[in-house]
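Have a look at these structures, which come just after this line.
Here come two complexes built around chain A, the first alongside chain B, the second alongside chain C.
This part shows the complex of A and B:
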């Protein structure tokens, strides 16, 4: 009987909560209903202390009315107390979800570190690992100082996080009759009004994304990049290169408003960052591969490429698994919440992520098997990553069938791209980062414009345009155009910006170590210690003919 | 040649971005954007990269 009474009382509270919300919009209706926030709720009994002291193995008396904070103890529990508790619980769920997802993405740094170190030679293990280790701190410092402000300083209030309203200043110029947002202006040092709990969640989550982009570059330029030049280049990337494009796509900048301003679908849509994170990293990696040149021994005098195998394939594949695990923070976490606003779609995002990774690894493995007679381990790992990169932008907008197709194409594309870059462009990309993150980042951006099925619904709108993101195959060609403008920006602007920055660093500081240091291995000359001091390492470059 | 490549690459981006102001037709915008992407890729692969390949370690 008591349980029935409690149930009825809770039902009344929920009804009162709904009426209170309605009342906020129509005071007259609230008055008619006779409910206000100050009304005291009676008849809801908390569990007796002696019952709680017995323990609660069934979990039936834990989490009750006793756990709702009361604003005025003399007055007792009011409707306002219940409403506030409900609101705070929604935001608490979203905070927790986003922070835990951010922690997972942070752990991806470990995956990148061992993938890149495993694909480098043993004589450069310490140097490669240290670049991956310190890119975390270097990037974070740059992002805290200025990068976050440029990226998110004008994003406005994010409803899932309840309180990012202090980020309300976007610098814009007026072109073609519309405002084009270029960069944010609040949030430097996380000081002033941006000392805010919601802003802190946003900073942590966006910071680990930025660091992912930075660590992509170290893989391409490994085994010949001066450690000091790496620090300068990474700092500039974390402070400017990444945040500028991220602002345009995610911070309320001009790419995001292509839909509301010019009718191009829902504007540039990049759910978790195929373009913002991976293609920005991939384009910068391409810049570095061009500027820094190939490793000694990579090409013969006639331009024929030689394979330079990494020293530990077990590290490589373990790293790929860690990255795949971290991707469950990357993509589903990009809802920035798990409660309300259509965020239950996190399950779909997570499944799309794992499916595309799976077909990516299959695509690469079978391509290599058919073409070269063996299922190449490192390329299969890269296929997994390629599938994950490609599904990152579409993960929130496509169905599982679309995810499978996107991942499969990515797996084959990464192999074709690696061959093209090595044999046609004659660029030395130690880990294949340009292909994994650059080529497949661009493919992921385009895939949104093709495969978005119009079924997602994040609070009824995306980028300020009502309805769901819908690609060409489901009837909206405008979305594809918006995506392609994003691609053009990555290829034409991000590449150019990054190129100019790194040309300046090259002129002032120099990117590449000397030939003597490169042949000796960077561990001793650059870092002062070998990665594997008890190993006997070969004294000259290990180079075997390419297949 | 590298400088020319940088300029061409950036012009490709400008062309693609300005497509929204040059036409209100989705089809025309699509064509303009694709042309912009091709121009940028030509700047990177046809001008900038060959300029640096001349000085590549293996090519000296």
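This part shows the complex of A and C:
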């Protein structure tokens, strides 16, 4: 009975004071309710030490009033102590959720690494793995030095993370009577006022997203990209290309404010990054495919493509599964919290993610089965990823039916796009990254403008516009316009910027290894060691064998 | 060397198909045994020899192999294709062309070309060489991830997908 009383009292305190704080957020409201922070709470007893010493198999005496820190031991537990504990618990839940989601996204690097390695030839396994391994470090360094400040330096207070108030400086230009945010200016080196717990969470989560974008490019340019050029190109992308677009979309830049400035829906809405992460990676991959050229032997003199099989399908499909698992950090984690502000929608986001991945793989599998007589494994894996990429932007705004449709279209689109890129554009994309991430990233961005059902409610507003993100099919054509502006920016700006950067790298350093290195395999000349030493040491000769 | 290469390209177009003796007129070295530093010079000599004897498929084959040893894949492909064009029944021209695809791991193509070489084998030894390569190509094909070889027209599925999207659009707007 006593335990029930204690539990009820604490629950009442938490509910009453939590609601007072979350709802009104003003001392005046608390005062109006006749409660003062200095009021001492009496009659709530902690479990006796001898009871605790017996153990707590039911979990009913663990986590009680005894666990609420008291500001003044002489005075005892006050209302202020409880309210502070409530606030900190909300933020702690959000921190934990966001950090764990970030850890999941970080693990996606492993998925990318083995998908790309499996689709490459065995003679390039070490090189492909090393690119995927080091893109993590290279990108992180660039982001810590420069990128994070550009992207998030002016994002302002993120309430889910307790404020992130130090990130308050956005460089903007004033055109047509409106501010156009271009890049942030605080947060480089995470020093000064940005040495802040909330900012750290933000950095970790955004950093792993950025790294995902970077690793997309290595898949397209695999088997012929000079390792040193890869490092330079990835550094520039992590420092500038990705953060600039991410600032415009997520950091308070001009795309995000299209709604508040020009009345276009809620501005460009990209929940978890179909555009910001995947399309940016896909556009850069497209640039690299154009600049670096196809692998030797991929095309005949007459332009007819030859299939160059990867060496390990088990790695490919295992990698796809790892990526699908990591995507549960990618999309649901993008709420940046699990408590309050409508964040319980994480369950819906997670389910949408699963469903779209499933229909994506179905779409690709059936497409290949119908067209080529077999449910091709590598394309089915790419279909799964395509569905996941496409649902990334809409995952927080659509219902499960929308997710299923978006994924299904993505699964078919990825097959068509792969075929188009290889046969019509004559570009050699080793893993199909341009199709998976580029084409479907753009599709995901557009899908928000079509399928957002207006039921989500993240603290009552998105991008500073009250209400829920609503697409064309649910009555808001303006949202679709904002999304199309985002697509145009990806194709117009990101592609062009990446192209210029990589043309400069090509001119100064050169992207491509020599024909000798490419034909021998990049493992020994570039890395100094084979990926599979015991498999590849068969005699290699082009000579006429001895009789 | 560039000048010789250009001359060779021009001369190749004018080569007539004539029956050729199966042995090369000069006992050229196996390009694999030529030290890398001598390879350029050796290629130049071979190119000149091809110019002098434009109807020799064996010389072209030897040149194709030398180009391949020099990592010049597309020149090698051209030389081997020229050799095949000069003498379509030349086993080694066909075999080395197939081997080039095998080395590039364009396995589907390598299998097709090696099968042709099997057909052209003139004795048990040649047959054995071709079959061993065919076996290896097939083993690699079996062990590798199938890479889609897009062969069917793209227009129909693209139209179907577009029609489906339009239909979806109409249905969603209607409801």
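Note that in this section the second predicted complex is superposed on the first by the 506 of 547 C-alpha atoms of A that agree within 3 Å, B and C clash if a C-alpha of one lies under 4 Å from a C-alpha of the other, contacts with A are read in each partner's own complex, and residues count from 1 in each chain.
Methods note: a residue touches a chain if its C-beta (ideal position, glycine included) is under 8 Å from a C-beta of that chain, and two chains touch if they have at least 3 such contacts.
Please read these numbers as outputs of a predicted model, since none were measured by experiment.
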Three-chain arrangement built on chain A, chain B and chain C clash or fit: fit
Contacts of A:34 with chain B and chain C, given as first, second, both or neither: neither
Touching partner for A:301 - first (chain B), second (chain C), both, neither: both
Partner chain(s) touched by A:493 [first = chain B, second = chain C, both, neither]: first
Contacts of A:59 with chain B and chain C, given as first, second, both or neither: neither
Touching partner for A:262 - first (chain B), second (chain C), both, neither: first
Of chain B and chain C, the chain that contacts the larger number of chain A residues: C
Chain B versus chain C as contact partner of A:528, first or second or both or neither: neither
First, second, both or neither for A:516, with chain B first and chain C second: second
First, second, both or neither for A:309, with chain B first and chain C second: second
From chain A, separation angle of chain B and chain C (C-alpha centres, steps of 10 degrees): 60
Touching partner for A:293 - first (chain B), second (chain C), both, neither: first
After fitting on chain A: smallest Cα gap, chain B-chain C, Å: 7
Chain B and chain C contact sites that coincide on chain A, given as residue numbers: 296, 298, 300-301, 515
Complex contact set, residues of chain B against chain A: 6, 9-14, 16-21, 24, 26-27, 29-30, 33-34, 36-37, 39-41, 43-45, 48-49, 52-53, 55-59
Chain C residues touching chain A - in the complex, by the definition given at the top: 30-33, 65, 68-69, 71-74, 77-78, 92, 96, 99-101, 103-109, 125, 129, 140-141, 143-152, 154, 157-158, 161, 164-165, 168-169, 172-173
Contact footprint of chain B on chain A as seen in their complex: 175-177, 258, 261-264, 286, 290-291, 293-296, 298-301, 303, 425-427, 477-478, 480-481, 484-485, 487-489, 491-493, 495-496, 499-500, 515
Contact footprint of chain C on chain A as seen in their complex: 118-119, 121, 296-298, 300-301, 305-313, 316, 367-368, 371-372, 374, 376-379, 405, 409, 412-413, 415-416, 418-420, 422-424, 450, 472-473, 514-516, 519, 540-545, 547
